[in-house]
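After the structure tokens below, expect a handful of questions from me.
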Amino acid sequence: MSENILIEGPVSQAVILNGLDGFNQYPDAGGISIFIGKVRNDVVSGKYVQAIEYSAYEALVIKEAEKIFSSVKEEFPEVKLIKVFHSVGIVNAGEISMAAIVAAIHRDQAMQACKKIVELVKVKLPIWKKEIYTDLTYMWKQDNLA
Amino acid sequence: MSENILIEGPVSQAVILNGLDGFNQYPDAGGISIFIGKVRNDVVSGKYVQAIEYSAYEALVIKEAEKIFSSVKEEFPEVKLIKVFHSVGIVNAGEISMAAIVAAIHRDQAMQACKKIVELVKVKLPIWKKEIYTDLTYMWKQDNLA
Amino acid sequence: MEIKVFFFGILGDIAKTGFKHYRNITSFHDLEHRIEDDYPEFVHYTYRIAVNNEITDEKPDLKDGDQVALMPPFSGG
Amino acid sequence: MEIKVFFFGILGDIAKTGFKHYRNITSFHDLEHRIEDDYPEFVHYTYRIAVNNEITDEKPDLKDGDQVALMPPFSGG
């Protein structure tokens, strides 16, 4: 279930759609909550964000993701399926850098579990991001607190 | 923005994908929250749900949806775009009967606004559902409270 | 006056039609009685009223050509 | 013993490499000193440690061939 979390470059709609296909095997799951995170064209100290470059400690991402999925399924027993995709490498402003998909029997647990997944991805997965500005300078972001 | 809320039959992935395309014009929207509701293969008093037949008061759906969108945008000022799709007619168990897509600057408002939209769709839009069981009997559902 | 009445959800099932024209209506009160005469079962159901695509929680003043909708509790989603 | 050390995030930028082999290491304490000697700038950064893909909040006991990762605060999403 945790295979293919890390995607080289932006997460495409095709990846998300393929991810959704797996959800057809759960006819008792009435609610699917999806979160899609995109790189914003932010202005940081007068500089425009052109892209974010993500790097990851891949073996540990797989391992920690499995722990996240287990803990969320324990907290929300209605959850049937969880998928997470996260970019490594360059993702331009406007492109998708992560997607989380959660199916549950009813919508409340699908939505709550999806929110929790996204929060945990940000603080628990060994992924780092570097903002690259249009003037080609860059800055490492260190803003997620565990 | 409120055109094409009602979809004849199940809401297809293509409809949702096309809906997502409109979100590319908002490069400052970093979070997109999507809710997808499917018809569950529930067992009700020993009968199996085969499909739900939705009917709607179309003109009023359009009008009330606009009110919902305005009120949610007022409550969550970071929201950039809202799309809602809802089936009319027959939707079989396992098929999608509704989708809500909300883009906002940050993920919190995207998720909160999406949750609110789904709640309001259920209580404010003049849509009715009839559960059709595998023995071809049916029952009108009257369970959403305003 | 003539009023077109729409029956939604289970009310359409009971009426066996989605709408019906009522002629020589003098008031909303009069219309209600005419509908109850046609469909006595309706008294067992709660419904809200819309007039010309506007939901109203009051007994509306009707005029010739108005469209009245009888709407059971919504159950979309 | 020989230890392979991985530098993630900004630490890799500073070290100008993603990893480095340290030989004749006697303890984790010893390894820390060797890394600090190579990259004195590291003292300005906080980071957590993983040994063989296992996050540890203690000073670990190392054995020959272990892989140690230095991980600045995560910032995925």
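First chain written, first letter: the chains are A, B, C and D, and each begins at residue 1.
FYI, a contact is a pair of C-beta atoms (placed from the backbone, for glycine too) under 8 Å apart; a residue touches a chain by one contact, two chains touch by 3 or more.
Remember, it's a predicted structure, so these values are computed and weren't measured experimentally.
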Can you list the clusters of touching chains once subunit A is excluded? B, C | D
Every chain in contact with both subunit A and subunit C is listed here as B
When centres are defined as mean Cα positions, the distance from subunit B to subunit D in whole Å is 50
Dist(centroid_CA(subunit A), centroid_CA(subunit B)) in Å evaluates to 24
Rounded to the nearest whole Å, what is the centre-to-centre distance of subunit B and subunit C, using the mean of the C-alpha atoms as each centre? 26
Where subunit C touches two or more other chains simultaneously, the residues are none
Hunt down the residues of subunit B that sit against at least two other chains at once, touch-wise. 37, 118
Spell out all pairs of chains that touch, sorted by label. A-B, A-D, B-C
Which of the residues in subunit B come into contact with subunit C in the complex? 37, 54-57, 59-60, 63-64, 86, 97-98, 118, 121-129, 140-146
Contact footprint of subunit B on subunit A as seen in their complex: 13, 17, 20, 24, 27-42, 93-94, 105, 107, 110-111, 114-115, 118
Where on subunit D is subunit A touching in the complex? 6, 8-10, 12-13, 50, 53, 55, 69, 71-77
